[in-house]
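Step one of this worksheet: look at the structure below.
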Amino acid sequence: MPSKFSFAFPRPSTRRLLVVSSLAAVVAIPVALFGLLVLYLPFIQQPVFFAFVRETLHREPMIWAGTQWAYAAALLVAGILLFTFASVSGGIFSWYERRVAGRIQSRIGPNRVGAGGFFQWVADAVKLLFKEDLVPAEADSLLFRAAPYFVVAGMTLTLVALPFGQSVIVADLNVGIFYILAVTSLIVVGILLSGWSSNSKWALFGGMRSAAQVISYEVPSGLAIMTPVLMAGTLSMQGIIQAQGGWPWQWFIARNPAAFVAFFILFTSQLAEANRTPFDLPEAESELVAGYMSEYSGFRFALYFLVEWANLWIISAVAVSLFLGGWQVPGVSAQDWAAWRGSAELPRLSWWLWQALSVGVFAAKTMVLVTVVIWIRWTLPRIRVDQMMNLCWKYLVPAGFVAMLFTLGWQIAVASFPRVEVVSGVVLFALFAYAVFRFFKLTRENISRVVGDHVDLTNW
Amino acid sequence: MPTSPSEYLGNIRDTAKSFWQGMSITLSQVLRRPITIQYPDRMALPVQDALPARYRGFLEVDAQICTGCQACERACPISCIQIVLDKDPANPKQRVVSQFDIDEAKCMFCGLCVEPCPTGAIQHTREFEATQRSVRNLVFRWADPLHPFPVYKVPKGAPYFPRAPLGSLVREVVARRAWDATGPAYLPPEPLKPPPAKPAAAKPAAPAAVKPAAAGAPAAAAAPKPAGAEPPAGAAPSPAAGENKP
Amino acid sequence: MTTSEIHQRLQAQFGEAVGPLSEPKVDPFAFVKPDRLVEVCRFLKDTPGLEIDFCEDLTAVDWPKRDAIEVVYHLYSYKYRHGIVLKVEASRAAPTVPSVEGVWKAANWMEREVYDLFGVTFSGHPDLRRVMLPDDWVGHPLRKDYQEAGGFHGIPNLRENPLVELRRLDEVRMAEHAKANPPPPPPAAPAPSAAGAPPSPAAPPAAPKA
Amino acid sequence: MSKLVLRRIDRNNEEMLINFGPQHPSTHGVLNFLVETDGEVMRRAIPDIGYLHRSLEKIGEMVGYPGYMPYTDRIDYLAAMFANEGWAIAVERLLKVEVPRRAQYLRAASCELNRIASHLVSIGTMATDIGAVTPLVYALREREAINDLIEALCGARLTYNYHRVGGVAFDAPEGWRDKVLRFLDRFDSLLQEWDRLITWNEIYLKRLGGVAVITREQAIDYGLVGPNLRGSGVDWDVRRDVPYGAYPDFKFDVPVGRGWAGTVGDAFDRYYVRVLEMAQSTRIVRQALEKLPDGEYMAKVPRKIKPEAGEVLSRVESARGELAYYVISDGTERAYRVRARTGSFLAMGIIEDISSGLMIADLVALIASLDVVAPETDR
């Protein structure tokens, strides 16, 4: 008997069309977003923008009064673009995480809405927008409503100093990484506010845990950041990336053994600051129901999740910029970039193409880290509050100090024997490559060890 | 907490090692086949056919071979089977089954009714999908009161009983019923006539119910009498009373 | 040690307070006087050689005919792997039994359960309150004469039995049917058809034989 | 929560009172704890049960001996085979019926499969409560395989109603033995994978090691049974020490808590005892199926079960420890009194005394490690 719930479009051609169009969207959405960033962000760099004012608007930018207003308008557009990028990437990551988690858990994950379930995130967002926006009667209404915006602001402001490519950055602040550390703390304010204003004991627990956690973990993450800062001699994100090279052995993580340690310290602290497993204590659902989000619903609830997933990009991008060579394309040096740019005020077309390539390299590295973060979440259990503090103050902070001091000595050594860096880079890279090889070998063995299991990539 | 440097470093080593192992296992799961079965529309074979033969789904009665022995009714621990035997007005010697109802909403699919059946007329099938908006529609009626079926006389030494294919009858019943069909509108409750019978049953109990309440639970001060007396005056007392009796 | 040996030691120690061992139908038991119960239990737990450390079960049985509630103790020793069943009798009207919570902590919850479901008060229990049912529940359900109140706080627990209701409907329909086709003349007409149907299903069973 | 409890708590202090449940992800609607906390540290957690109370003992007095069998499924829906078996053994002892060997072996095999399934849920939910969701899914995946096997055997996946007074309802279907053996081979290798994935995970060890320690004396005093008792270092297993059914024929070890993560009797010991028990269960199932004797699977039992007057206590080692039925017969078709003594009920009793000084996250670990199943607690 055919099932009476059979689920089929009336015409296969309609179905094919939908699959093809959503597959196209899978590719088109990230490409369009990155394309817009590539085209637009270099445009608001000062020289390019001035060239635009001079050549298109026919004004002298240094003396024209409208320059500031035009620049502000351009920045506004950049802000909207960045926020769209964060929202859409957050949405896509939610789908990506669910698919990866599904596969890790021997499940399929959402696969019905669009090709591979890609439009699941759109459906979820629409659903959340249409849900009732509840404010508990006993809650502090104003703070309760305001709290999500602090969180969103903290996340979005970070993107200002975050590089996407060689020139694709909103503002290459000379205190870039310091700025990122500072605005990230705004998220804590929002979480603490939501925990307090919900007037729920679970939410309060979540807020307190989150505040304690994020503030503690800023210390090791700050210490770990000192290592690349010392190695590059600048706080500017672009400066740090430019101090590295395109090949893996030219990355900071390989050029200095202490940086190798510092990378893991930073990565761990970033996980804690983003409330990702194993540090998801503030929203530990088996302990605190949903932590600081317990009382939220609808749109505000969606904002928290948006930030959680958009943070995935941010923490990975910071780690990639500081330690993994950022957007550096292998084999391309600073002279090459200058040559491609040319001496004209507006860059040449090939420069834009190289920009796109650098964005692609950066995005690929970041996505690898995003996947690792997701993968960690679906593997590890959660640690306890006291252990979280222990890990921070007894392991990460001392290790961060040691790494920093070691880097000081290392830089002195490098100054006298530049070869040290090369040796370290090659050795560490070789070790890392060997570890990866061993890891995949072990993974392959895991499958053959279980009776009846074999590699099978069907059933999507 | 670590008390020595070796323990301190050991903790770090153990953590790294166990993460290494755990991450490799979750990664290896990505490469294996997910066990998800995409029920109901993306299956190789209808789910009913994928179930084992002993599956205990809806009960099915083949009226053709039902002997009307009521063994299943007696075996049912929750009385979800009701059988009424009448005499055929045309042929007083012939007994007919005018009601053979199974409340599938109440049935707990234990299979105890199947075991005593002498002919295998009542059987569990592999059907389980019959969503109904009205729970009353989950009563499967295997006899038509207006056309009661005669009981089956077991032929001596019969090697087998000619039973309809298992599941065919239940599928028919399910297919006939729209999921949003309204259930039968029941008759208004019978006029209250228990007064003569009720006190006799309740009297010995009521004082006893007061006693333990007074003695055992001082906190429970509410008088049990009105509480016990109320429900019979309630909406649908007669079926409940009738149900509790046997 | 066998059950009867334990029982002998108990009788030697407490004399009349421990009744005779029941004739073993399946599992034997002995009655204990309520006022000596805690002493007996302590003796069982602390005496070397007995050391009954495990209060396996503590429950009650209601006997309205004897007007008594028995509280039953199943005791066991992990060390020596022997055990004994003790019973204490209390009147149904106001059952009170000393608590053995001080001897075995396990008795705490089981005595609460017996209090909840039988209404037996355990004197000396530190936290005697209902465990399964709400505090304002009326009555003790496991008593033999417990009557359901039909609901709790206005939430009824009765619903119509569709089978009974359907039968009532059917009876009405059958009466109407009978009225529409009055019995004496039409029976001849429908009866063959009605009777004609039965033989045909009755025929197949004969067929395999032939 | 009742006023009687609130009266016990001093409200004039700095502590916060939280209702941990029933609407809480870790108690899923069937439990409630009134938690008194000072920040993250609990003063105590007072359990409130009864959300699933169905008075199964009273029903036992009403439905007759065979009719109560499907109800025993509902006593513990994760390990219904044991409840079935305990009831069958109790009535068999009252009736003085000898169960055929084949039935006893089938009982042992089905029960041990069920034990694996039940322990899988226990350790899987434990991992989830500690924050790792993935192991739960792996555990449920294997439980599905067991459910399929049991479904092929008796037609149901949860409320089996497989055992009968005097034997079992069905013989093993054709090919079932091989399917089970194939599953067991796979399962043994999966157990090793499980250990590497979660058991020896450093976070997991640290979360469970030394948490909620129940000493040997406490465990006995509070009447803990089964894995909870063995986790505290008491070497006691009804299957071995008060043998019943076919168990004397099988070789198996009884895992006892050894303080793998530091302290004997901590949450990790209770957890790991369960993991080791699953390995022993696979051994028993293998032996039972390899030595499965021929013959009847059901004894001759009168159609009307009417045992003579008397009382009996039957013990079986359920997945949650000793499950004892105390049955009093008065010579009629219905039991005069049915009592099911379950492990979870008393395990709940210990929580209030153990919980003081734990953190809220540890309470979750404590509940999970005691493996309390609400229907078994409330009956």
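By letter and in written order, the chains are A, B, C and D; residue numbering begins at 1 in each of them.
Please note the rule applied: a contact is a pair of C-beta atoms (placed from the backbone, for glycine too) under 8 Å apart; a residue touches a chain by one contact, two chains touch by 3 or more.
Computed from a prediction, not measured in an experiment: that's the story for all the values here.
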Inset, instruction - Report the most central chain, judged by the distance from each chain's C-alpha mean to the global C-alpha mean. - result: D
Legend entry - Of all other chains, the one whose Cα centre sits farthest from subunit A: C
Inset, instruction - Report the inter-chain centroid distance for subunit A and subunit C in whole angstrom, where each centroid is the mean of the CA atoms. - result: 62
Legend entry - Inter-centroid spacing, subunit D versus subunit A (mean Cα positions, whole Å): 45
Inset, instruction - Express in whole angstrom the distance between the two chain centres, defined as the mean CA positions of subunit C and subunit D. - result: 22
Legend entry - Between subunit B and subunit C, centroid-to-centroid distance (C-alpha), Å: 23
Inset, instruction - Please set out, as single numbers or ranges, the residues of subunit B touching at least two other chains. - result: 11, 19, 21-22, 25-26, 29, 35, 219
Inset, instruction - Spell out, as numbers or ranges, the residues of subunit D touching 2 or more other chains. - result: 4, 134, 138, 141, 193, 197-198, 201, 203
Legend entry - Contacts with two or more other chains, residues of subunit A listed in rising order: 104-107, 378-380, 446, 453
Legend entry - All chain pairs that touch each other: A-B, A-D, B-C, B-D, C-D
Inset, instruction - Would you mind writing out the residues of subunit B in touch with subunit C in their complex? - result: 63-65, 79-80, 82, 84, 88-91, 94, 98-99, 101, 103, 105, 135-136, 139, 141, 145-147, 149-150, 152-155, 158-162, 184, 186-187, 190, 202, 204-206, 208-209, 211-213, 215-217, 219-220, 222, 224, 227-228, 230-232, 234-240, 242-243
Legend entry - Residues of subunit C defined as touching subunit B within the complex: 64, 92-95, 115, 118-121, 130, 135-140, 143, 145-147, 149-151, 156, 158-170, 172-174, 177, 183, 187, 190-191, 194-195, 197-198, 201-202, 204-206, 208-209
Inset, instruction - Would you mind writing out the residues of subunit A in touch with subunit B in their complex? - result: 1-8, 100, 102-108, 375-376, 378-380, 390, 394-395, 439, 442-444, 446-447, 453-459
Inset, instruction - Note which residues of subunit B are touching subunit A in the complex, please. - result: 1-2, 11-12, 19-36, 38, 40-41, 46-48, 129, 171
Legend entry - Residue ranges of subunit D in contact with subunit C within the complex: 2-5, 8, 49-50, 53, 55, 57-58, 93-94, 218, 220-223, 234, 236, 241-242, 308-313, 322, 324, 326, 328, 336-337, 339, 341, 345-346, 348-350, 353, 378
